[in-house]
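A, B and C are the chain letters, set down in written order, and residue numbers restart from 1 in every chain.
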């Protein structure tokens, strides 16, 4: 996504104000239109994450997790406006941008609004990955803190490294087209550290508590709806990462990115489904929906880094390997496996499978790129892990990190929000002759 | 949205048929593409409203409200085709358009299809706002009537005033970029009048009925999904209101509108969340999801009127003030607070906060604009309120407005539709050793 | 959709690589952008189908049907990449394309990625229509087989006939703008044959089993959400079928297609709603949500074939006739009525109502077109029916087609997936004074 950096384009933008060439001016508008449209679809991913995570938790915490996903967009909006974009795309140093764009200043002069908005949707995505991993036990104050810090500082700094012209990873030769590392690995590591410092839910990984019975999410269809919205959103996420549509060949390239995204997902979904059926992925010989779904997501995550450089077969292959990576990293958190495992594999495996390295016979370049991307993996993991250790560590030391066990058992919807996810009487109706009466008598007794 | 009026563009359109300038011809296509794409996203808002409202009612009325939201799109389509667009954008007088486009005539000649479709999605939105406010007690016949009248007459006339070249509000100087007044205030007032003449649900605001227990909506996650779809749709709603993407600077301007929309929502969400937590918004010291969500929507509504003229900080501020407006208008209907309160504040507060008035030191212009917009507020409220008083008043006099108390208690899904929202046996499974048996015995007993 | 065939455009594409004309090059990019954007929205239709079908089955099979809808996208991706696109758009013969594009070869050279991706979303749609009709009793192995065969062979061959330059239906004069026949009739016939060879669900159409009580879907709101996503997706499906946006008049034409799609849905929805209310569509005198919703879908399907050639009134009329066709084909499967009935009516009725035949007084052309389209109907039905008879017949003979009666009664979510749709304790909370205690005691007893 190096092209998304527009530090170099402000001169072009100024030039365009002279209206020298109407075609150049028009192309600029269409490029913005392209970014805007993809940004809108990416915003819908917040709804996808919300559904996925709400379906994955128990009914007593569904309002809580919906609210966290909803607020991520708004907390990120405020923090990315205030400081985030400036840290990411301000000029300054290879390590961090300085305050060129604090509180939105300078965006108008630089014609950077469409870039800002697109990057904002990325920052919101990075922050949203965390909520699922710390669900059902993280306090709301902790949530507000980490959401602000990740979208306002942690993600922006990493994106400065990789996607601004002067970032050190960018200069080194690190390649991450749509964020396998910058978005997904980063989000996955934050999620991992948060979950580690929080500890598991009470009774989780406990020999005497029946695990599936106690910890199963409350609505598989809601998980499915979320995943399918995410699949759609991923197309815009990866496709939009090119950043423009008016250069020679852009349309075809973006279409190839979309095809690679879908096929990476296909590789991941088909292989994990088969592994699950073969009893190699946790469930004994079943066609697991949830495993297949997470396999598809892991495949799509792994395609991000090189989506512009992969041939279609290579995407299927990349996704197909991402599947087992998801399945066999068996003790880790789901979120970490999908985003962290998929992200690392995307950066390293993608460096091998892209068209200009091993496929083209250039093993030297492959080695270099693996090296650069490995540096990126380590740097991003260290940065995200380090800042989150401090962040979550301080919250933990202050006894602010985790809710009380009473609240956890009761569920956060009642204790923190007074808004049960499903208030009111049972929905269901015994479908027999006098259903109406039964319905009224049993269910709406409180109405008399 | 004055630019959306294309009365003046038919000559340009005719010119383009001569193919004098291929770039002009192409730009016209891309402008249409821009409108089309945003229209499609706005159509998804119907799904958002449906989810929001279905989650907000009790399970016994969920089918009913889903159906009303679905049919709004189709009733509006038929009425807007037959008469609505003609009243809105036909030439004739400052008060109302005449029959230039009745039953779709003249659209092809004027190259107006993309404008028609975009405006149709706006009309459907205006009509859809009402259904939530009159839910759970309004007859289906009343619904059909008001949906047709609002989308075919009430909204079109107001949009003629504000958005056609010859409309009197437009000529006066009223500024309403994306419909704080024309869509939201109008819809909010219609909703308010409808609810007023219907009266509250049986037992609502009644000292002996436990309010929260009896009237809580049945699915908070469904409300959340709806809201998050609406947030996404709002971006296209406000962004698309520019009406074109090919003029110099359009891309940046639309991106700024999107950023303003998201940040207006952020202001509203963050402030209402804090007020709720502080015990100042109805719930005692809780992190209220529903209050925050409505705060976000109110913030977005308030940004509509001046989204093209606000700096980013001003949007946050506008949304932040919209929050308390939502919270403190405490006795009014939720729908009215969001759309009515947000709409009025958007027209007046936006006149102050936009870049060319107070911010630029031009207090005179600010005063004028507040005056013009206040005239618009009063005129739109009077028009919508007056027509709806007649409409709902006649329905009430004819005893057609409200369902019987029996039907209300039983729920409309059974009495009006014979389609309970959740038919069949309970979904849930006791997760114990012999779950399968329990499941089969308890739940599917009717299958033997 | 003949324009979607780009066999003829490879020369233009090669020309564009010379960069002779920057405007031509740019137009090509914008055409790709148009296809890409619509493709992304069409992908969301998979989520729509998933919700529609999951809500229509019983809770014990909801995970199963969600998984099938999710995997359709990925199975189709793999098969369409491997062989499907080659059969559809490879050169070779009027009957079938040969291996020009096997496993994605040749796509880059031909600049065909955006065409590939758009067509892939169509193939996935065709395959997805089937799952609802064979729900709750089809084995997973059968599902995998038919999904691969339909998206990899059956649909591609039919689309070669109708939409490639050398296809025999295309040369004959068959007109099917957006797939009334190629997508919907084909999908509907496959669904019909599958359901026929599977036989009905145990107890279905059985005098002693109470039908509504036993076979009602489990969530009407989920059906509604699915339908409303599909309405939105249909706009992109039909609009995108033009295949380009840069030719003179394209923007207006696509907007007209969108308006026709919405109005065809309106005709279908309003007429079926009225028929249902009048007691003429199965339910006695009720406002049926499900009938209206299927009427709207049938109307939209019927508009596909001639969406580019219909005046707005003609779309309403076409949809309005599609309504009764849906209602009165009363013994057939819902899926077959919507997609099959709507598809056939679209091909024949559309030939009458389009602007250049009867409306223009050219009865001869109308007759010819009816004839050509009737040939198409018969050919597509024979092809889809024949291949599916073999496919499902072999599966049936091998005893692989249908699950055991035990599994059917228990539900597939537990037996095939070990993933009940709604695991965990009941969601609902008795809203009384000591709700917390009751909630904890009753619901989360398994947590102790």
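The criterion applied here is as follows: contacts are C-beta pairs under 8 Å (C-beta built on N, C-alpha and C of every residue); 3 or more make two chains touch, one makes a residue touch a chain.
What you see is a predicted model, and the numbers here were worked out from it, not measured in a lab.
Participant: Is the way these chains touch best called a line, a ring, a star, complete, or other?
Facilitator: complete
Participant: Interface check for copies subunit A and subunit B. Shared numbers divided by all numbers used: above half gives same, below half gives different; which is it?
Facilitator: Different, since most residue numbers here occur in only one copy.
Participant: Which angle of rotation, from 0 to 180°, maps the CA atoms of subunit A onto the equivalent atoms of subunit C, to the nearest 5?
Facilitator: Best-fit rotation on C-alpha atoms: 120 degrees.
Participant: Per the centroid of Cα atoms for each chain, what is the distance between subunit A and subunit B, given in Å?
Facilitator: Comparing mean C-alpha positions, subunit B is 30 Å from subunit A.
Participant: Which residues does subunit C have that touch at least 2 chains other than itself?
Facilitator: Where subunit C meets two or more other chains at a single residue, that happens at 23, 30, 37, 210, 212-214, 216, 219, 225, 420-427, 431-432, 446.
Participant: What residues on subunit A touch subunit B, complex-wise?
Facilitator: Within the complex, subunit A touches subunit B at residues 19, 22-23, 25-26, 28-33, 35-37, 39-40, 43-44, 46-47, 50-51, 54, 62-64, 66-67, 69-71, 73-75, 77-78, 81, 103-104, 107-108, 111, 113-114, 116-117, 120, 140, 210, 212-214, 216, 219, 222, 225, 413, 416-432, 435-436, 439-440, 443-444, 446-447.
Participant: Which of the residues in subunit C come into contact with subunit B in the complex?
Facilitator: 23, 27, 30, 34, 37, 41, 58-60, 203, 209-210, 212-214, 216-221, 224-225, 227-229, 231-232, 235-236, 239, 245-256, 258-259, 262-263, 265-267, 269-270, 273, 283-284, 286-290, 292-293, 296, 311-313, 316, 409-411, 414, 420-427, 431-432, 446
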